[in-house]
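Here come two complexes built around chain A, the first alongside chain B, the second alongside chain C.
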Partner chain A sequence: MAMQDIKPTRSELINIKRKIKLSERGYNILKMKRDGLILEFFGVLDEAKNTRGELQKKYQLAKEMIALSNTIEGTISLKAAAFSVKETPEISVKPKNVMGVVVPEITSKKVRKQLLERGYGLLGTSPVLDETANAYESLVDSVVRSAEIETTMKKLLDEIESTKRRVNALEYRVIPELTEARDFIKMRLDEMEREELFRLKKIKARTAA
Partner chain B sequence: MEIAVIGGGEFVIGFRLAGIRKIFAAENEEQLRAYINQVLEDPNVGILVMDNRDMQRLPVRLQRTLENSIRPTVITIGEEEGGISMRERIKRSVGVDLWK
Partner chain C sequence: MTATFGPSPYIYVCTRLRVRKKKLILREEYMRMLHMGLPEITRLIQETEYKREIDELSTSFSGINLLELALSWNLAKSYQNVLKILPAGLKEMTSSYLRRWDIQNVLTILRGKEQKLKPGRIKEVLIPAGELDRTFLDRLIAMDSNDEIVEALKGWRLFRTLESEYQKVPEVGSFAQMENVLYRQFYAEIIRDAESGIKGGKEFLDFIQLDIDIRNLQNLLRIRLQGERAEISDYMIPGGSFTVEELSGLNKIEERGEFYERLEKSLKNRAFIGFVERLKSSETKAEEERRLEESQVALTRIQLAQMERMSKMHPFSIWPILAYLELKKFEIYNLRAITRGKEANLPMERIRNYLVI
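Showing the complex of A and B:
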């Protein structure tokens, strides 16, 4: 707001004072929101680190197992077994609200399967294959969890960033400008009052003379 | 919703064993990119699983798109250290390097 745009009137002063009050209230609320979001984020961060590590470990295991079944079963029969698995894991996403940020809550169904539900023949395959399927199922489980947490983290980070921007804009731009305008109007009004007084005195002196 | 897996033939076969239907075995980079675009447009896919190595080979722009994508959420797994971009994001948003 440039200084020339401000009209030094009493109503404008009242308006600006009201605006300052509003901005300060908004600023306090947003600051609290930012701190709350960051606290929330710390919790998610720890969880994210844990799930990342777990994911990595499970992936290692799953890779070893698939290599093993590749060797024991052969590529063709491994593929055949893989393509005969019928049950598909399903995931459903429910929105969850964390401090005004909508984050997904992902639940999975039919990831873990019983031996007989898998769909490939048990007679023609070795237990290694079952172990491999097991390893991958648990990997998928981890992936689902990790997806939930990472999405939550991304959304929280976005929200933290925009809240921080707003807080900073209010603190360093909006509020200082408004206070400056308020002070300017106050000074100007005082100045005008003094001029008026001086003028009155002049007139009085002239009429008395 | 479903899970989708994109990667090399060996990478995806295990996921097929876990019952995931949407597996895409990409032979080369062009195919990889085509599959990724296909999955990104599929409204039924909730999670996309990719190999870290494949991810590194993609153009940076596409990597960014995938990393920022929320639906589907992209999860990369593999030996190499993941989450570099997450670290950058945390640094930018919180102002402190909190990752690790």
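Showing the complex of A and C:
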């Protein structure tokens, strides 16, 4: 805020004081929000670390199981068994509010199936197929969970970043500039008051002489 | 060929198949392959009798998929060739034995059509090693609906079962029940054929009983390990040394220790003792599951050993034919296991565990 644009009037001073009060209140609230978000973020971060680790483990297991199935059963039998899958997993996304941040809540259906619900017969297949199907169902579950956690984490990070920018802007720019303007007006008003007093004294002295 | 219709058709056929058996890959060669890299193995396979199929398929496929498909095509061709040289009685018995492949192919076509897959994709996963040859299966794939496919299978021996089960599919929602019923019927027919007075049929019944026992035990343990407590009689094959009721009763035992104890007590075939003991000693569920997977190979080895023994004891019977069919199948499985295992960078020891040598 350039000082020459400021009108050194009482009403402007009142206005600026009101703005300072508002900015300080906003600053405190945003700081609390930022701290709250950071706290929330660290909670999610721990969960994300766990789910990411779990996802990696499950991915490794699924890869190992498919390699094993290909080795024991062969790709042809595996593909033929895959033809029996009729129901594909369903994913639904609902919005969830975390301290004003809208994050997704992802739920999945028909991912995990019981052995007898998978669509392939027991008499024409082998146990390694069950284990492979189990590993992949578990992996899909983990992917869904990870997607929810990691999107939440990303959204929280974005929000923390923008809140931090707002807090910094208020702390280092808006409030100091307003305080400076307030001090300037105060100084100008005091100066004007002193000038007025001096002028009055001068007039009084001249009238007395 | 006239010899096959003479008084001793067994001598002609069994001798020919014994010669073919001699041409199968030996244990030492598998061991050598285990030490080779994937390109070397591929080249070695290309230089053997699989060359023709590899050349035929190389325009549409490449890499390890080409190899696997070529192996399966060769298996189908070998089986069809065996069927061609068999005299009537033996042919019927062998066709019955190979009907397992027909069931697999028919179900794959029905499932593929249900999923509206392109004919090419369905064709890729068929192994026409049974009675229904490639031309017939191609005709089935080209049909528009499953109703037409089922109708076209009217002359097939399992048609009645297929037709009645097909009608239940919309109600059940999948082909799983149909698959189970078809395999149960397959075993029922094979038992009937073995009892029809064929030479070596009595011993063959013992073999089938062993096969049924292996499948029943594996499926019983699969169901238990997956936490299913449903009625299992529909998933068990009658005709083994365990009755379906016995197996159903075993599945009702909740406690793991008690289950294995009862199972051990009711084992009539000594070949299973080691298998059950290994599973029983597993400390975790994951270990139990892994051992069940590995047991498949161990049980197959027992089966093959019995087959070999019987084919030596009965040199001119159904045994040498079945022994060749099984050994040829496991040659394909072994080559596939080695190539796929190498592709997935599985340790050599682990691949060796999955070889049926």
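The rule we apply is simple: the second predicted complex is superposed on the first by the 208 of 209 C-alpha atoms of A that agree within 3 Å, B and C clash if a C-alpha of one lies under 4 Å from a C-alpha of the other, contacts with A are read in each partner's own complex, and residues count from 1 in each chain.
By definition in this document, a contact is a pair of C-beta atoms (placed from the backbone, for glycine too) under 8 Å apart; a residue touches a chain by one contact, two chains touch by 3 or more.
Please read all numbers here as calculations on a predicted model, not as lab measurements.
In the three-chain model built by superposing on chain A, chain B and chain C fit together without any clash. Using the contact criterion defined above for the overlaid structures, shared-chain residue A:Thr71 touches chain C, although it does not reach chain B. Number of chain A residues touched is higher for B, counting chain B against chain C.
When the shared chain is aligned, chain C comes close enough to touch A:Ala80, but chain B does not. When the shared chain is aligned, chain B comes close enough to touch A:Lys113, but chain C does not.
Shared-chain residue A:Pro176: touches no atom of chain B or chain C.
Using the contact criterion defined above for the overlaid structures, shared-chain residue A:Gly53 touches neither chain B nor chain C, since it reaches no partner.
Of the two partner chains, chain C is the only one touched by A:Val128; chain B is not. In the superposition on chain A, A:Gly43 contacts neither chain B nor chain C. Put simply, if you stand at the Cα centre of chain A and look at the Cα centres of chain B and chain C, the angle between them is 30 degrees to the nearest 10.
Contacts of A:Lys154 after superposition on the shared chain: chain B is touched, whereas chain C is not.
Least inter-chain distance for chain B and chain C in the combined superposition, rounded to the nearest angstrom, is 10, based on C-alpha atoms. Where the contact sets of chain A with chain B and with chain C meet, they give residues 70, 79, 83, 86, 118. Those residues of chain A lying in contact with chain C across their complex are 64, 67-68, 70-72, 74-77, 79-80, 83-84, 86, 114-116, 118-124, 126-128, 130-131, 134. Within the complex formed with chain A, the residues of chain C that make contact are 65, 68-69, 72, 103-104, 107-108, 111-112, 114-115, 117, 124-125, 127, 173-180, 183-184, 215, 218-219, 221-223, 225-228, 230, 235, 237, 289, 292-293, 296-297, 333, 336-337, 340-341, 343-344, 346, 351, 354.
Contact residues of chain B toward chain A in the complex are 1-3, 10, 13-21, 46-47, 49, 68, 70, 73, 75, 77-78, 82-83, 86, 89-90, 92-94, 98-100. On the chain A side of its complex with chain B, the touching residues are 38, 41-42, 45, 48-49, 52, 55-56, 59, 62-63, 65-66, 70, 78-79, 81-83, 85-93, 104, 106, 110-111, 113, 118, 129, 132-133, 135-137, 139-140, 143-144, 146-147, 150-151, 153-155, 157-158, 160-161, 164.
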